[in-house]
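Before I ask anything, let me first share the structure, which is written out below as structure tokens.
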Amino acid sequence: MADVKSILHEVKAGRLSIEQAEELLMGASRLDYATLDLDRAGRTGFPEVVYGAGKSVDQLIGIIDRLQAHQELVLVTRVSEKQAKQVQEQRPNIQYIAEAGLLIFSKKPLMPKREGYIAVVAAGTSDWQVAQEAAWTVRCFGSETRVIADVGVAGIHRLFHRLEEIRGAAVIICIAGMEGALTSVVAGLVDKPVIAVPTSVGYGANFGGVAALLAMLNSCANGVAVVNIDNGFGAGYMAGMIHRQMVR
Amino acid sequence: MADVKSILHEVKAGRLSIEQAEELLMGASRLDYATLDLDRAGRTGFPEVVYGAGKSVDQLIGIIDRLQAHQELVLVTRVSEKQAKQVQEQRPNIQYIAEAGLLIFSKKPLMPKREGYIAVVAAGTSDWQVAQEAAWTVRCFGSETRVIADVGVAGIHRLFHRLEEIRGAAVIICIAGMEGALTSVVAGLVDKPVIAVPTSVGYGANFGGVAALLAMLNSCANGVAVVNIDNGFGAGYMAGMIHRQMVR
Amino acid sequence: MADVKSILHEVKAGRLSIEQAEELLMGASRLDYATLDLDRAGRTGFPEVVYGAGKSVDQLIGIIDRLQAHQELVLVTRVSEKQAKQVQEQRPNIQYIAEAGLLIFSKKPLMPKREGYIAVVAAGTSDWQVAQEAAWTVRCFGSETRVIADVGVAGIHRLFHRLEEIRGAAVIICIAGMEGALTSVVAGLVDKPVIAVPTSVGYGANFGGVAALLAMLNSCANGVAVVNIDNGFGAGYMAGMIHRQMVR
Amino acid sequence: MADVKSILHEVKAGRLSIEQAEELLMGASRLDYATLDLDRAGRTGFPEVVYGAGKSVDQLIGIIDRLQAHQELVLVTRVSEKQAKQVQEQRPNIQYIAEAGLLIFSKKPLMPKREGYIAVVAAGTSDWQVAQEAAWTVRCFGSETRVIADVGVAGIHRLFHRLEEIRGAAVIICIAGMEGALTSVVAGLVDKPVIAVPTSVGYGANFGGVAALLAMLNSCANGVAVVNIDNGFGAGYMAGMIHRQMVR
Amino acid sequence: MADVKSILHEVKAGRLSIEQAEELLMGASRLDYATLDLDRAGRTGFPEVVYGAGKSVDQLIGIIDRLQAHQELVLVTRVSEKQAKQVQEQRPNIQYIAEAGLLIFSKKPLMPKREGYIAVVAAGTSDWQVAQEAAWTVRCFGSETRVIADVGVAGIHRLFHRLEEIRGAAVIICIAGMEGALTSVVAGLVDKPVIAVPTSVGYGANFGGVAALLAMLNSCANGVAVVNIDNGFGAGYMAGMIHRQMVR
Amino acid sequence: MADVKSILHEVKAGRLSIEQAEELLMGASRLDYATLDLDRAGRTGFPEVVYGAGKSVDQLIGIIDRLQAHQELVLVTRVSEKQAKQVQEQRPNIQYIAEAGLLIFSKKPLMPKREGYIAVVAAGTSDWQVAQEAAWTVRCFGSETRVIADVGVAGIHRLFHRLEEIRGAAVIICIAGMEGALTSVVAGLVDKPVIAVPTSVGYGANFGGVAALLAMLNSCANGVAVVNIDNGFGAGYMAGMIHRQMVR
Amino acid sequence: MADVKSILHEVKAGRLSIEQAEELLMGASRLDYATLDLDRAGRTGFPEVVYGAGKSVDQLIGIIDRLQAHQELVLVTRVSEKQAKQVQEQRPNIQYIAEAGLLIFSKKPLMPKREGYIAVVAAGTSDWQVAQEAAWTVRCFGSETRVIADVGVAGIHRLFHRLEEIRGAAVIICIAGMEGALTSVVAGLVDKPVIAVPTSVGYGANFGGVAALLAMLNSCANGVAVVNIDNGFGAGYMAGMIHRQMVR
Amino acid sequence: MADVKSILHEVKAGRLSIEQAEELLMGASRLDYATLDLDRAGRTGFPEVVYGAGKSVDQLIGIIDRLQAHQELVLVTRVSEKQAKQVQEQRPNIQYIAEAGLLIFSKKPLMPKREGYIAVVAAGTSDWQVAQEAAWTVRCFGSETRVIADVGVAGIHRLFHRLEEIRGAAVIICIAGMEGALTSVVAGLVDKPVIAVPTSVGYGANFGGVAALLAMLNSCANGVAVVNIDNGFGAGYMAGMIHRQMVR
């Protein structure tokens, strides 16, 4: 879809049949239960990622097989330990990152491709899984990541002790549940973009992460943008994309 | 109502007629449009306070006159400048605190009656009116107050610069709109009770103060309790009552 | 963080290396999965409390061991019977208060350290666990507590029968689900601060405690501040802190 | 619609043409802007009531004229002073009850038709208009009413002082804003049905009456049913209907 | 509490000690886990009802035993089949109405004590349990009831076929989930009070009964008052109380 | 966009330059403040409609002028009387339908182009403007419409009296505020699709039309689909499109 | 109910007894637990459909048996695999469509009765079950359907590749979870009515489908109407009804 | 605050007095009504920005004067035309950007300082003001911006026509009201980070921008992060910060 003009040129020049042109515009490959978007890396710079929750093991394997044939990297999110175990029995070359709930297959080792790092700052130990999902997504983008956990504002000196490390990052992912105050404090102390992830950690009037979500959207500090509740993957993706732009 | 037993004793002893006993239990005085609670100071240690919003000038004056006859102090909250001007024309001995929206009549000057002070910590300049409502309510309780304004977490050093003054207070009132993060930061740094007031300052997904309210209810720091949105009076009342208990 | 100035003096005087100064400002101790806030008692007058829900037994024991080395008191909230049993098998010196869901380790017996008591007033039998969480937290603060249960307003004479005991308290914790009316009635009859705890008891348009929460935030009686739904610990903490201020 | 069977008999007997039968089933009369329900009194025991808010003066007069031709009583609710003045200029025989926002036309004087009375119990002076709307609706039903105002639970003795009068009523309407606690207290003390009306009195987390509405729906006392926020008319209607059933 | 005056007379006359007077005002009996309100029938005309959900079998039996000693009737609501079976093993004289989730003990058979009946009109078969809870509560009040089920507005002729039976009732309970339209249709066709019960039947934007609740609160037909979602007991109680007033 | 293939053929054949092809794919015309979608009629069968609320008179005239040059019909919705008057002063050939808030310019008279009609059924007189917006939109589609107003379920015979007319329609638009029950009743009686429009008519727990919206989404009768609150235009558009499909 | 007039004629002519007339108006058949609406096909063109969720196997079989005696088609929705298996053991002539959760009994094979088809367009693989429920409902209406799955806007070329097939449909059902954007994109590209189905696919601030529901109600493209969350049946019904009108 | 360590070194070396150190840590300057954060540019790379809404002209001028003395750039957001006019009368060197509601003072002309540009993509003409607020904020960061307006998905070819320009940007700001679908479509077509801004454009179930906010948080396309409703400034700030990181 991206280079409509060049495809038009090719068609005009007769180097491309109309059917081929259509196929190129499509770039997708159909399974019974899915229409894969094999052109996504070309368009967005990152291949299609699979949302694992609710998919059967057969569906997961079918999708993974097809993607492996076309992509350097296959990433499946929200995979339970049970799903992972069954997938790995049949496809042992897939790695499962249990603390992040991710299945990862990569043709090359995941190595940092550029200078600098992305800081993943989390308020509490309960935010650990979301932080890991973010960190591993960043690694898939080819960036280094440093996880700075349990530095919530109830003991704000813990944050200040790690401040230089945070300030040194190229992008900061800030993860917090409860009242989500960490985001505003961090954003007020750094000169880097902050991607905020509200988590559903808490109870009562927390409403499954809504309290933290609203706090982050209303941050009095500037330079903050927010992703969905518990969406560590989304934050890692956004941060990875920004970092890739910075240091191509 | 409180000392039912002693009233029963008085009735049994014949020192109190049944009608007198009923009257005592009541202690209220009826107007056409209101049933005043003249016994409230006896019961709760603070006289009945009038909510001014939506009352006509005639109603305000009628209630004020009656309360002045029985109480040392008359406090009317949420009074507009227009209401105040009209009341003062007819009752010039009433003071109007415009920045707090309060009408105050006090037989004695409002002087601190006890050691220590209550800190009113506000995040932004827009929280000023709520802060003043809280501060003047505290003064009506006979406590000293210090207002520490515009120390929101976007520039957290402003807070640290005033921290000793905040830590020195007997009780802390913490006022913030937007994401309300100030409360958690303050509560994590002090060993005094924090009364949190969410304000309706903000826009969009702030929802008229709900974002700050939820943040404060979900504070990761302990020692925080919350009053209604924009309820500076309620916070001042609570803080004044606590301080009064500490230093009788 | 609190005494920045004195630390600066020490640094200037050469009695403290810069590294030591930093360490002091930090005061925290890192585990793999947590950054403990060992300085919290110094800062807030009460040591760090652990939120037990969702933590593994290994994590709980790791944290407890570290805290026991530095603190007089270790308190873990929201602990299930199953978690508790497994922890106690390995650490038999920890006490489990089943009806409050608390694990408590204290080097000295929990004895009242000051005059007076805190009343924990609960509307119904279903509020029992929240009331116990509040009561035991108060005890950890070194205050005496009296639980006055099942005095909801449907039979308001039950409340009046216990009124003297309630009025005699230094601070009142008021716990109610459903419509939460008990708080307003109690606050109108006493001259002490009331910490209100909405509970999730009820069904339908109760919305998991929201009905009671809103009622308490909108109380027509003054002298009320509110903590999160079902947050007995938070109320006990707030009340204990106020009482400690009153009678040091 | 009610006596379909008897109309069928009349049709069969030839005493009623099919067109007449249809017309009878209809019983309504069309205006350009309204389809009046002239049969409503026959069906429900009370004639159609007009909702005045948002109607033009011409529409109001058109509807009133038509209803006056068919009904003993014409009641228009939510009428502003401005609307009322303009209607009365052209139709001087209509009475305007300003404090209830009602226009009333009645061929006979509104006199109690049955023994007993309906108590309208209101928590605060700000609930006055809703209380008056309820009281005048009750009067239209031919029942006596007694308004007991400003007996909110912040000074609960005020309520006890009027308790005998409340308990003597055949039906009780209970009106409250803020946290709406009055309803539960009253319902726990009486053996009569309580119709609860939440009002939008309050601010912040009151959410325009939602706090009181939820409180009343979740009342821990039995014998309570609720109408819409600020719906004094609806409560008066329900109470009048119940009373009419009791004493025909 | 009701006859404070007569108790005062008794005290003055020396016929009642102060302790006895207090005890009378109380009328409650304490268990470890509950404060029973044994005077409730005297005050409200119906004895205390026990909310069964979440209570242990031991608690249920303890409360039932105590109530049986003082009351003619013991009613426990929201009792699961499992709870019921265990209670009945130990207290075989208690009846369990499975389709209503009620435990009932009555010294005398439940027989209608007055003329007329209460109609329980339900929209769908899924509303059956709520309808039965309402019907059996009505029976406990000594009134006859008729259940008219599955007459929702999708096939409105089903309703018209039963209309005479509905119109003949003294009070109408109207139960509906989904959009709750049945209430408005019924109320527009009858001259009796309608107690509306929204149920949580439905899915998606039904939000657990909120759709029906809002519909009933906003009914365009008059003579409707609403109880909590799924609260068949509350509706039966209200209807029974109204009927009792009508035909004493 | 639709016929990408034919455009590709034209490009290949050299009959269309790449620039022309791009332009054709665009089909839009830029103003400073708007990108008009002049191809919309080709794509969707109805030209672009302008949302008038909040636009300046200059913007409206600029857009209208441009659209008049390319379209047979120009429709502007949500136009206030003030806006309309100012537009008409400068462009007198535009018609303003005040009761619908619409500006209409049509090169040919609006005449029914096909058999049958669309019924616009409205519950109350307050729904009139929404009904008119729907009706005039239908007319712009070239279909006849019949407005059947004020047939709400509080007097359901009014509906039955018009039932044949409703059943005779090709499509039914059903408009209701308050509890929105009319939709379910109508849909249960007809064999035609029902487009439901919730209106913001009502107060209190109506929440600006949310009560009716939820009712319609949860209709127990089948054959109902819903548009946004007060969106008469959207309903008329949907109904017109369906009717056009039926009778081309 | 529809032809009241013709029934009246029959009654008048003596060809129909009053009892028969009533019975005809009713057309329903009572079971213990349900009042079947056997006349529904006559009234709405489609027989009564049974909502299977929460019904016992005995109830399902009882209802199916009765409906089979009177209807050509019996459709039961929201049937679990477990319910289906038990029903089929006793009634083997019922077909179970597992991927749609439907039980279907049809006297004649389900064959398209009219020209054209209905497109069921779904955004993701997780919307599959809702899409199948819609598709099979369409088939029960006698229309052909084509399911176009996994064409969400994240890879919008997938949609364009299928656009001609979508544009060729008589009616379009558009199913999407998450942000529901597919509906607006589709509706902007076609000249056919779009029935939108929000699904509960997603997490966090998706709120069980509310995000997609609001998106669809607020679609910037015209020609969209919405059914309840996950209501594939409702969408299929609406589309089937529209198609039936188009090509009778 | 940032370089605590270097300040400690300076203090130790005696080159900085303790008071100076404190002052440096503070860096703020107090007004009566505000505590300015003059160090913010040092900390975050951008000076403090003033929120103009609700501030008096005197306050605005006071703050501007002070900031002008310390900052190269002064930016005031949400300034009404009336406020602007009064400020400019007294401070004519301040520029007012009416369509963005911004007051800007810059010592140097606002010139792009780095390669590349930021695309501001807006769905409708009604989103214009938010788009301008974003664009001018970007310019204050020293980046070039291109506004691409009115390319909503109802006519998606308008978007494709501008796609190359959008894809060429370094960062994309995507602004949409109503259902907010534009964001997902854009993000699926580009390889750059997308900052999404929901606007309050719409009505009914739009809920002041909540529909678009939820859509953006739930975007099925990756690489999206969201700011508060109508927060064009916040999006411009975030985008400017990212761009500055990319090309220093």
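Each chain gets a letter, A, B, C, D, E, F, G and H, in the order it is written, and its residues are counted from 1.
Everything that follows uses one rule, which is that a residue touches a chain if its C-beta (ideal position, glycine included) is under 8 Å from a C-beta of that chain, and two chains touch if they have at least 3 such contacts.
Bear in mind that the values here come from a model prediction, so they are computed numbers and not experimental data.
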item: Shared interface partners, meaning chains that touch subunit E and subunit G; value: D, F
item: Chains contacting each of subunit B and subunit G, listed by label; value: A, D, E, H
item: Shared interface numbering between subunit E and subunit D [over half = same, under half = different]; value: same
item: Furthest chain, CA centroid comparison against subunit F; value: C
item: Centroid comparison with subunit H (C-alpha atoms), farthest chain; value: E
item: Where subunit C and subunit E are represented by their mean Cα positions, the distance between them in whole Å; value: 38
item: For subunit D paired with subunit H, centre-to-centre distance based on mean C-alpha positions, whole Å; value: 53
item: Intercentroid distance (Cα basis), subunit F paired with subunit C, Å; value: 58
item: Set of subunit B residues in contact with two or more other chains; value: 1, 4-5, 22, 43, 154-156, 160, 187-189, 204-206, 210, 213, 217-218, 222, 228-229
item: All pairs of touching chains, each written as two labels joined by a dash; value: A-B, A-C, A-F, A-G, A-H, B-C, B-D, B-E, B-H, C-D, C-E, C-H, D-E, D-F, D-G, E-F, E-G, F-G, F-H, G-H
item: For the subunit D and subunit B complex, residues of the former touching the latter; value: 125-126, 128, 149-151, 154-158, 160-161, 203-206
item: Partner subunit E, residues of subunit B touching it in the complex; value: 4-5, 8-9, 11-12, 14, 18, 21-22
item: Partner subunit B, residues of subunit H touching it in the complex; value: 1, 22, 25-28, 33-35, 37, 39-40, 43, 48, 51, 53-55, 59, 198, 200, 208-210, 213, 228-231
item: Touching residues on subunit G, where the partner in the complex is subunit F; value: 1-2, 4-5, 43-46, 49, 160, 163, 167, 170-171, 187-193, 195, 213, 217-218, 222-229, 234-235, 237-238, 241-242, 245-246
item: Partner subunit H, residues of subunit G touching it in the complex; value: 123-124, 152-156, 178-181, 183-185, 187-189, 202, 204-207, 210-212, 214-222
